[in-house]
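Alright, structures below, take your time with them.
Here come two complexes built around chain A, the first alongside chain B, the second alongside chain C.
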Partner chain A sequence: MKRTGKLALGVLTAAAIAVGGVAAEKAAAADEEIFIPLTVYRTGPYAPNGIPIANGWRDYLKLLNARDGGINGVKIAYEECETRYDTKLGVECYEKLKNKGAKGAVVFNPLSTGISYQLIPKARVDEIPLHTMGYGRTAAADGSVFKWTFNFPATYWSQAAAFIRHIGNVEGGLENLDGKHIGLIYHNSPYGKEPIPTLETLSEQHGYELTTYPVDHPGQEQSATWLQIRRDRPDWLIMWGWGVMNQVAIKEAINIRYPMDHFIGVWWAGSEQDVEPAGAAAKGYKAGNFNGVGTDFAVLDDIVEHVYGGDMEAAKEEGLGTVLYNRGVANMLYDTEAIRTAMGKYGDKALSGKEVRWGLENLELTEARLEELGATGLVLPTRISCANHEGEGQIFVQQWDGEQWSKVTDWLEPFHDVVRPKVEAAAKTYAEENGLPVRDCSQEG
Partner chain B sequence: MDALYHVLISPFVDMATQPVFFAEVVIGGLMAGVMYALVALGFAVIFKASGVVNFAQGAMVLFAALTLVGFMEHGLPSWAAIPMTIVVMIALAYAIERVILRHLVNQPHIVLFMTTIGLAFVFEGLGELIWGSNVKALDIGIPDQPFFVGGMLLNQFEIFAAVTAAILVTLLVIFLQKTAIGRALRAVADDHQAAQSVGIPLQTIWVVVWSVAGFIALVAGVMWGAQSGVQFSLSLIAFKALPVLILGGFNSIPGAIVGGLIIGVGEKVAEIYWGPIIGGAIENWFAYVLAMVFLMFRPQGLFGEKIIERV
Partner chain C sequence: MLYREAGQFKTTYGADQAIFPIPQDRWVVYAVIALAFVAVPSVANEYWLQAILIPALVFTLAAIGLNLLTGYCGQLSLGTGGFMACGAYATYKLSTAFPEMNILIVFLLSGIPAAAVGCLFGIPSLRIKGFYLAVATLAAQFFLVWLFNRVEWFYNYNPSGTITAPPRTMGGFMVTGPEATAEARYLVALGFVALFALLAKNLMRGRVGRAWMAIRDMDIAAEIIGIRPLTTKLAAFAVSSYVCGVAGALYFAIYLGSVETAAFDISVSFLVLFMVIIGGLGSILGSILGAFFITVVPILLTNVPEALGLPIGVALAKQLENIVFGAMIVFFLIVEPHGLARLWQIAKEKLRRWPFPY
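Right after this comes the complex of A and B.
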């Protein structure tokens, strides 16, 4: 009995040492890891959009860990937190994840304008940078006020301006916009109203008439709106929609025989999910985008090889090559390159949010670097600075051919002379309302 | 003065000067009303049998549509997938009765109502778990080509929906008025225990009623899903049915149809002629305003039974 007891004690001691050893090893490993929180929405009404983005995020981080051993040899730890696209849950996710990892979360991607608005003041206090890629507060493009928020590669205002440039191009020149009638059908929310001031300013400059058509959330029933559009017959129609509103609007446009090649959706109304319910009938519909579409990118080949063991079908089931999956990959590519940039200054080790913020603000993605990453054409070369957190703000227009999206324009320059002053004015107002200091970017290193 | 003109005069001038467009608005409203009524019918049937608003009806619409598309994606033709989905909805009705309702006999209505809230989440979660979250195209061959009549644009799909609703209501009225089960429904709704004491098989009635509600959910899911694709937001269409029920009466099948038509026309006319005055997008909440106005004058709704309780 005594011997058995001693034996048991010995086994327990050995097990404790072993477990302790493993734990210590894990803790040591965690000390050397960079932590990126992933606030996703894989469930709920917006899951069709949230899932491919989340998959793109996850797969790119997996690729870096599997192929390169992380970023400059420092492993990336990540954890998903489900928000259901709900602002309250998004803030809970932020609070839950912000202190995880060796030095806390290094960058947050809220993936929702509502969550972004809530996190902007919090992130400033917690010194964690936010990357609101293609959503959130447009004024955050002014880094002199929004030190902790980045919204490259483009904002809604730049996109609205680029749409007008595209329409001008199709009409044979901006001067031909005079007398044209452009409609904006939008989600009746702060997000949907984002392009209105830009479109109004450009309307004064170029002489087109702007009519707006709000659609209440969720947008499952829009017949009254489309009766008005049928009555008014705008020459062009821009859509700032989200979720089911997009699918219904596209179907309604087909029903009233609106010319689909004169109907342009925001980049959140330009995924495969938006057009597939209408299928071939949606042929000609256009949408903005800022990331390459399809599978013809070396980085995606690497994902197939290193993450899916060469199984292209399995990768495609997760969304590889679709608009939103590629957007997820592009998002993580930007963030991890910013981390790499920060490592250039602070060393190849686990970094803090404060250090990665510097990386974001000094990010320079050249054509050569994009080629090394296998991402030529997936995103544009980008340069971020203290004053400019948006980058070049260029987008392109893609078109649905009945089966897939194809890029149909070159990268379109927004009207910087119109958009930038508006950004600065909005940022100044925000700074005044919130008592924020305005940085002198000429003095920043 | 200018504001008064825009509210009281200008809309009517527009209606009079553009009669074809006004007719189109009214017809569009009627068609939208039919679609709302398809959802409201499911609520009305369950309410007749239990006196409870089934909060899960919208989620049942989603689940039924997801199941149908799921079967079709697995290679079943629509003629086989539809009966299969009906079987699934009947099985669910049976499970709901066995697992939940049987244990809540003679409980206050609020308990049953809370149960249906829980059921809504179960249906949504189950649907996502089994069939995934992607938007799914639903094509079972319903014609949807637009055509013109007297300068008005109509759609074959809307005509199909109206005919479907008419057939559904006829069948439901016959079922509820002319069959023994239909007559038993009212007794069950009034008092579970009393109904049981006179030999009405409560369990069977509930299975039948939830099965019928499941079938209606499938019809509504097919019609709405064909428009927007089958996706999670289908469960939100329940909110379009509530003002219809308030207006038409919760326990009236014809009320669901008439309420739907009034709400449909009312919200479209309001959106187009009065909406622009205050920035538009008023139709969602205007439907509830309209319902509340009716509620003030007829609390039981247009066709609802007036409940008189004596001390």
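Right after this comes the complex of A and C.
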């Protein structure tokens, strides 16, 4: 017995040494390729949401490599790293992947608000841009402070504002919001607290009453909260939830017979995974979104053809056409177009993170370009600038008909006059707290 | 062979009472310390320092803290995450309120609120023991995390509720904040671990430690020979929580840089408890081994399939890691229920009797 113990210890040490050695060897072997790290979560409690996004990422990059031979002829290398939606593992993945490839990682998509908060200061020092697409720190929309972080196409604050606009539209005008009662049920974490300041400011302007209902992580137990909602009966209910919290909340809403078409989820509470457990009973439930739903896009046809060899069934198994898969495709489309933009300036070769940051900041996706990419309607035309890292900030509201999501509103304009000053104030505070310089955007080329 | 003690004579009481009475042991420890302080930072790359060694060191400190309480004093605690959170939030409040205060002093002061809270939640230990005490300390875990999430003063009223370590220097070197190099942060963490390991070791060899162990082994007997359970148990809670608080401060300021309360949830408490159990209850070496085992081995296992060139996806690799790691924990506990430290002790005994071990 004792001898086996020692033996095991020996084997373990040897394995550890071997792993360290081989890993170092591999990093040196990469040639002239663009390296995009993919921090995914295919395991752990949030895997149902993480898998379709990761598949969308992977498939779009595969498509570019298979159909076009990469971006402008430069092959894309990518590597997945499993984070389990855990901040500590996310940091480990970041450290592991940041120096891979010919010139290091060109852009990180942390895919978790927690990991984003970790990486925002680090990425600035390492000169690798972050694209926190619709999550992370809202203040990063102000590019004069957050030079290395981009959160287009929209932020949580824009989304909250767009929800109020939607509610106003349904109620027959923003003036009718006066005296209405809006509830916010949120994940009690930095992520869930994001919309509160925006909703509070808008409630002062438009006269609705706001009540907040925090739900503690992970949100499996919400009966007390819903008892309170049942008592208060808010006219509208907005949800800032994530993972299992969404499914439970939707079921609870059905249980108290809350009118589902007055219940709006954040874009992380608006995927098939969130409503399917409740199925047809969730009919009418609404959610925000910033990427097109369904399979009716030329780019998705290309993925089926080039990545799955025309096998639609196999592609659908991997999530093609679902909300989160399409979001993954949209995400990589943005990033690769930014790389293409950067190549316009620096040439068609492997780029560094610094060069791709320029590409992200000067990204301009026109209607015509989206048409070429076969992504009309998948994302909105977007223009990023030094001052504005959020883009247009427009979203739409989709509704669950019991079987699938469909877009029920036009793209909604957030209240830029309300959101933007708040973004700038928050960015200013952040800059002061952390002693960061503020760029003068009129000087940037 | 390595442990031939023949001819080694001790001529003073001091030599006989040294922490490492055998010179060979002493040399090994000196060598390890020199290696850790000099060789590692000059050889290891940023990935090793930032992703592997710094978290391992921070958890070592937390494990030492919990081991003082659970391993030496016999009080089972599940509040480690909460006490660490106390240290982290104290660091944030102190360093933002007094920006000119040396960060080293901030870290040392941060343990004090944690110690106070630990004392408070240690009071039930006078009445209840074992699993029941674990449940009582669980209350600390949930209450503290809730408190830091709920009361906005703790995170200076910022809308996101995340605390970020401000950039601070120590002796001219940046040690917190994003500009701090991994080497500087590693050395600070290592310094704290070395300091507290030495203090803990000495504390345990003295009157205080013996009193704690007496309480652990049989509290009624300890009371009869004149050890006051009230002060002894509360002192154990205070010292343990202090060390855990400093570990929390390092976890926040040195390792992660910015945290939210979710970083201190119940899983952290369990993790530290597992480190102590696997490493060895009542052993400082055990705390170090346990913390390194639990933080480093999973990372190595994740990298095994990739290093071997096996074409399996990251998800499968992660599941395999869980399976293998779980099996390893079971294996080590079967081979030696008293932890990795005991395994090392047995190996040492054998080496002393080599080539005729029995």
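Following the convention adopted for this analysis, the second predicted complex is superposed on the first by the 415 of 445 C-alpha atoms of A that agree within 3 Å, B and C clash if a C-alpha of one lies under 4 Å from a C-alpha of the other, contacts with A are read in each partner's own complex, and residues count from 1 in each chain.
Throughout what follows, a residue touches a chain if its C-beta (ideal position, glycine included) is under 8 Å from a C-beta of that chain, and two chains touch if they have at least 3 such contacts.
For clarity, every value in this text was computed on a predicted model and none was experimentally measured.
Trainee: With the two structures laid over each other on chain A, which partner does A:Lys88 touch: chain B (first), chain C (second), both, or neither?
Mentor: Touch partner of A:Lys88: chain C, not chain B.
Trainee: So, A:Pro48: does it touch chain B (first), chain C (second), both, or neither?
Mentor: In the superposition, A:Pro48 touches chain B alone.
Trainee: Quick check on the superposed pair: does A:Arg124 touch chain B, chain C, both, or neither? Answer first, second, both or neither.
Mentor: After superposition on chain A, A:Arg124 lies in contact with chain C alone.
Trainee: Determine, under the contact definition given at the top, whether A:Glu433 touches first (chain B), second (chain C), both, or neither.
Mentor: In the superposition, A:Glu433 touches chain C alone.
Trainee: After superposition on the shared chain, which partner residues are touched by A:Ala368: those of chain B (first), chain C (second), both, or neither?
Mentor: Neither chain B nor chain C is touched by A:Ala368.
Trainee: Examine A:Ala425 and indicate which partner it touches, taking first as chain B and second as chain C; both and neither are also allowed.
Mentor: neither
Trainee: Chain B or chain C: which reaches more residues on chain A?
Mentor: The partner that reaches more residues of chain A in the superposed model: C.
Trainee: Of the two partner chains, chain B (first) and chain C (second), which one does A:Gly114 touch, if any: first, second, both, or neither?
Mentor: It touches chain C, and chain B stays clear.
Trainee: Which partner does A:Ala224 reach: the first (chain B), the second (chain C), both, or neither?
Mentor: A:Ala224 contacts chain B only, not chain C.
Trainee: First (chain B), second (chain C), both or neither: which does A:Asn188 touch?
Mentor: A:Asn188 sits against chain B and chain C alike.
Trainee: So chain A touches chain B in one structure and chain C in the other; where do those two contact lists coincide?
Mentor: In the superposed arrangement, which is not itself an observed complex, chain A uses residues 42-43, 47, 51, 188, 216-217 for both chain B and chain C.
Trainee: Provide the residue numbers of chain C that touch chain A in the complex, in ascending order.
Mentor: The contact residues of chain C facing chain A are 46-48, 50-52, 55, 96, 146, 149, 158-162, 164, 166-167, 177-179, 256-263, 265, 296-297, 299-300, 302-304, 306-308, 313-315, 317-319, 328, 331-332, 335-336, 343, 346-347.
Trainee: Where on chain A does chain C make contact in their complex?
Mentor: 1-2, 4-6, 8-9, 12, 15-16, 18-20, 22-23, 26, 40, 42-43, 47, 51, 80-82, 84, 87-88, 91-92, 95-96, 99, 114, 117-118, 121-122, 124-125, 137, 188-190, 193-194, 196-197, 216-217, 426, 429, 433-435
Trainee: Quick check on the complex: what are the chain A residues that touch chain B?
Mentor: Where chain A meets chain B, its residues are 42-48, 51, 188, 212-218, 220-221, 223-225, 227-228, 230-231, 243-244, 247-248, 251, 255-257, 273-274, 276-279.
Trainee: Can you list the residues on chain B that touch chain A in the complex?
Mentor: 18, 21, 24-25, 28-29, 31-32, 35, 125, 128, 133-139, 144, 146, 153, 155, 224, 227-229, 231-234, 236-237, 240, 267-268, 271-272, 275, 279-281, 283-285
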